[in-house]
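Shared between the two complexes below is chain A, which pairs with chain B and chain C, respectively.
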Partner chain A sequence: MENNQTNTGNPSVDITYRRKRNAEEMRHQVISFALMIFFTVVAFVAVGSGMSGWFTVPFILLLAAVQVVFQLYYFMHMSHKGHEAPALFLYSGLLVGLITILTFLTIVWW
Partner chain B sequence: MHAEEKMTLEKWPAAPEKQTLEGKNKFVGFWLFLGGETVLFASLFATYLALKDKVPNPEHALAKDLFEIPLAFLMTMLLLTSSLTSVYAMYHMKNFEFKKMQLWLGITVLLGLGFLGCEIYEFNHYVHEYHHTFTSSAFGSAFYTLVGFHGGHVVFGLSWIILLMARNAKRGLSLYNAPKFYLASLYWHFIDVVWVFIFSVVYLMGMVG
Partner chain C sequence: MSTNAQKKGFGATLWDFLTTVDHKKIAILYMIAGGFFFLVGGLEAMFIRIQLAVPNNDFVGAGLYNEILTMHGTTMIFLAAMPLLFGFMNAVMPLQIGARDVAFPFVNALGFWLFFFGGVFLNLSWFLGGAPDAGWTSYASLSLASEGHGVDFYLLGLQISGAGTLMGGINFLVTIINMRAPGMTYMRMPLFTWTTFVASALILFAFPALTVGIFLLMFDRLFGSNFFVTAAGGNTVIWEHLFWIFGHPEVYILVLPAFGIFSEIIPVFSRKRLFGYSSMVFATVLIGFLGFMVWAHHMFTVGLGPIANAIFAVATMAIAVPTGIKIFNWLFTMWGGSIKFTTPMHYAVAFIPTFLLGGVTGVMLAAAAADYQYHDTYFVVAHFHYVIVGGVVFAVLAGTQFYWPKMFGTMLNEALGKITFWLFFIGFHLTFFIQHFLGLWGMPRRVFTFIEGQGFETANLVSTIGAFFMAVATVVLLINIIITSIKNEKVGNDPWGDGRTLEWAIPSPPPFYNFKQLPLVRGLDPLWIEKMEGKKGMTPAEPLGDIHMPNNSFTPFVISFGLFVAAFGAMYRLDYNWGLPVLILGMAITFGSMFYRSVKDDHGFHIHKEELTDDNDKGVKA
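So, the complex of A and B:
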């Protein structure tokens, strides 16, 4: 992580600096949480208001995808350095998973 | 720094979960596991989508008869909030504040238990009010397998966090247990990631029809 390089040799200075950085990051986490709550409410309202399925289904799937990006990159820290292997694993899994879903939706028809 | 070393605030590293070799290995290994879990849940979603509303006769309840907005919304809010509280726990872990970390993990567990209670009520309701069971139709099997597998993950995640909290209650934070707490919270976030798709694909799309 980038704040590994901020050793001044003075422990109390380092700690004050790191705590500040952590508090800053926590603020971003709370903002992403607020956005996730907002997307969730919008998705439920879109369904509750009884709009046409042709609009609602792609719309709530898009909201879900955005929410998951927030969850992965902020809550699960994938935006931090040193997450190349996790990204490889997750996206490989996602690729196989999406192909599975596509296959099932097209060849299973009974 | 080695894993069993007695830690102080001055010595606590910025990324305690990856300070030891064991921590680094666990981190990579756990993400590999989460990649596999993604495939597992994707196949269950694929099965559900293929078998949705496939019932033997018209007397069986379909997705639009079963699901209700208020309960799905409450469950989503409980799990989403518990994801934030576990972020707070990891924030205090990085600041070497063991008591505060335990407190926020405790709140996470309570919210998770609330979610689990709602799910038990929900399944019970479907079985007794709608006779929608695991064996009543292909739709029922696919629904309970997908949502039940997620519920099983919630049970496992809760047990994991509770065990970690109890096991390390008197030990305080060290480089030995920091990776354990970090991975348990990653697992908890992943459960929420899966739930985002469950409430969108199963509940919301089910109500749209």
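So, the complex of A and C:
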């Protein structure tokens, strides 16, 4: 993977660079982890506070979508090099799935 | 390796094939099993045509006719066409990209055995109280009303074999993404590899819809749920949607590899590079993409409403554009080429107008308003046989003749091959061309007989005579295979003389490690490039070294066998006391062997480079 490359021929530079990268990476992961826990708490609060379903359902779906993005990009390293093919397939799958749902919503049930 | 040179007894060979994880042997297994089911499905087709040869025929009864019709469709699509194409993909694709095997050899074997046991399970229905009789589409209102266990065989059998297909598709995707030889960029991949790639992506997205549909229907039939039971608040149309969300991509899963096979054959025997390579790739991807937007054109008469029908009609017609690009590219490849009319080339040349006819009737059917007239008539039957037989079966027959030397090291007889071609070609058009008119005259599909005086007699008789031509053609092909196998005259690397891609750079059949050294790919049609520069073979991309190979394993067979046993248990759970224990036993076999596979370390073995060098080859060639 990207953060493991050691091809400048200068080991000390590489190690410093990698340390820096890893630290940065770690910070992102901790931040997104904290955010994810926060979102989960917010979701529970939204349900528990007795607000209208017309607010909570779309709200929780939105939080879920954000969490999926966090999951993919910060924990599964989708933004890194070498993940183009999985990204392509994820998005094509998403597209096919969404079209199916859209069709079901428009021509089967309504 | 010295041990491999020895002649093996029948038992040892059988055990070798039962445990193999080698893509070339799995390809042969796919071809044998697919070929067998092709003969079974062909026999069913003959029964259909004999029954319909004359009016008021009683060769088979109405109930049995429904079973034969259902099994003909199901067998031909799932158990004949798909595995035969998977056979070619396994045999050729890893060689074309310069790989030593597929990415997951164990999963490859598992995929085959799942398909095999699913197919055997489905066909055992003939002996165990009757086959499924609700059509290959198995529409829920009909299949839920079907008595006996026929439809259960369909559901469980397809569930098992579908899992195998899904595994195969994922395996091909990973292989093509990760295991291309040095220099083999995406835009240098041969067209058959490209079509395998797109077809595998379609499998990845389409088969889950089938799995879900079959699961729901299985629960409705076997476990008392009500997903499709309208009386209990279910919705029967959802099955149709799920089935066709799978079913329409499925026809592209079949026909894209067929396009790929012809895209290999035409340049080789025209001795020109494929015209418009990048537009061919673009058209393949576009067909795959559009394939997911059109499923409701199978359901125009369901009553989805004019807007939905119009959207799906336009999307369907759009597919004619990339397909047209392909047709023109094949024609321009031949244009000005120095064409050799070998047997595979006969099929390729015949395929173009034949498939075009199927495509044109496809656009006719896509016009939703007109479809109300064509729906459920023989016009539809004629249409899909023109695309599936004219496209896929022609490709399978052409591919058999073309790749036989690469798979078995012998050439099929050309004269007999041409006899097969002409008999099949004439028989095919005799059978199905007239069915367009039968449909337009008003003969409905799926009827087991017709009465005199409606004007259907002559046309149906002509159609049946055509079917016999195709049957004779198949027999000639079998004779050809037997003669060739007995003669056993070995051929060299490139028996057609004009091979362009990597598979023709290595011996026929290839050694079990394929490439001694991975080849260096310098452009599209890599072997042709080297030939044009006066070289005999590929330049190696790596020094000779140890090759890591996977060990054979019997586990895939056992995992699949467990599901086969469990399927019987699930089906007879309510009929017999032993049903539930057998279900549990089967699942225990499957999960037990999966557990065994998970905990046991199997690191494979190395072929040492000393074993790879022999006297006349010091390891300087790829």
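The criterion applied here is as follows: the second predicted complex is superposed on the first by the 89 of 110 C-alpha atoms of A that agree within 3 Å, B and C clash if a C-alpha of one lies under 4 Å from a C-alpha of the other, contacts with A are read in each partner's own complex, and residues count from 1 in each chain.
Note that in this section a contact is a pair of C-beta atoms (placed from the backbone, for glycine too) under 8 Å apart; a residue touches a chain by one contact, two chains touch by 3 or more.
As the structure is a prediction and not an experimental result, all values here were calculated from the model.
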Partner chain(s) touched by A:Val108 [first = chain B, second = chain C, both, neither]: both
If touched residues of chain A are counted for chain B and for chain C, the larger one: B
Touching partner for A:Ala85 - first (chain B), second (chain C), both, neither: both
Overlap of the chain B and chain C footprints on chain A, listed as residue numbers: 85, 89, 92-93, 96, 100, 103-104, 108
Residue ranges of chain A in contact with chain B within the complex: 1, 3-4, 6, 11-12, 15, 18-19, 22, 25-26, 29-30, 33, 36-37, 40, 43-44, 47-48, 53, 56-57, 60-61, 63-64, 67-68, 71-72, 75-76, 82, 85-86, 89-90, 92-94, 96-98, 100-101, 103-105, 108, 110
Chain C residues touching chain A - in the complex, by the definition given at the top: 173, 177, 201, 204-205, 209, 235, 237-238, 241, 245, 289, 292-293, 296, 304-305, 308
Footprint of chain A on chain B - complex, ascending: 9-11, 13-15, 18, 27-28, 31-32, 34-39, 41-43, 45-47, 49-51, 54, 69, 72-73, 76-77, 80, 83-84, 87-88, 91, 94-95, 186, 189-190, 192-193, 196-197, 199-201, 204-205, 207-209
Interfacial residue positions of chain A with respect to chain C in the complex: 85, 89, 92-93, 96, 99-100, 103-104, 106-108
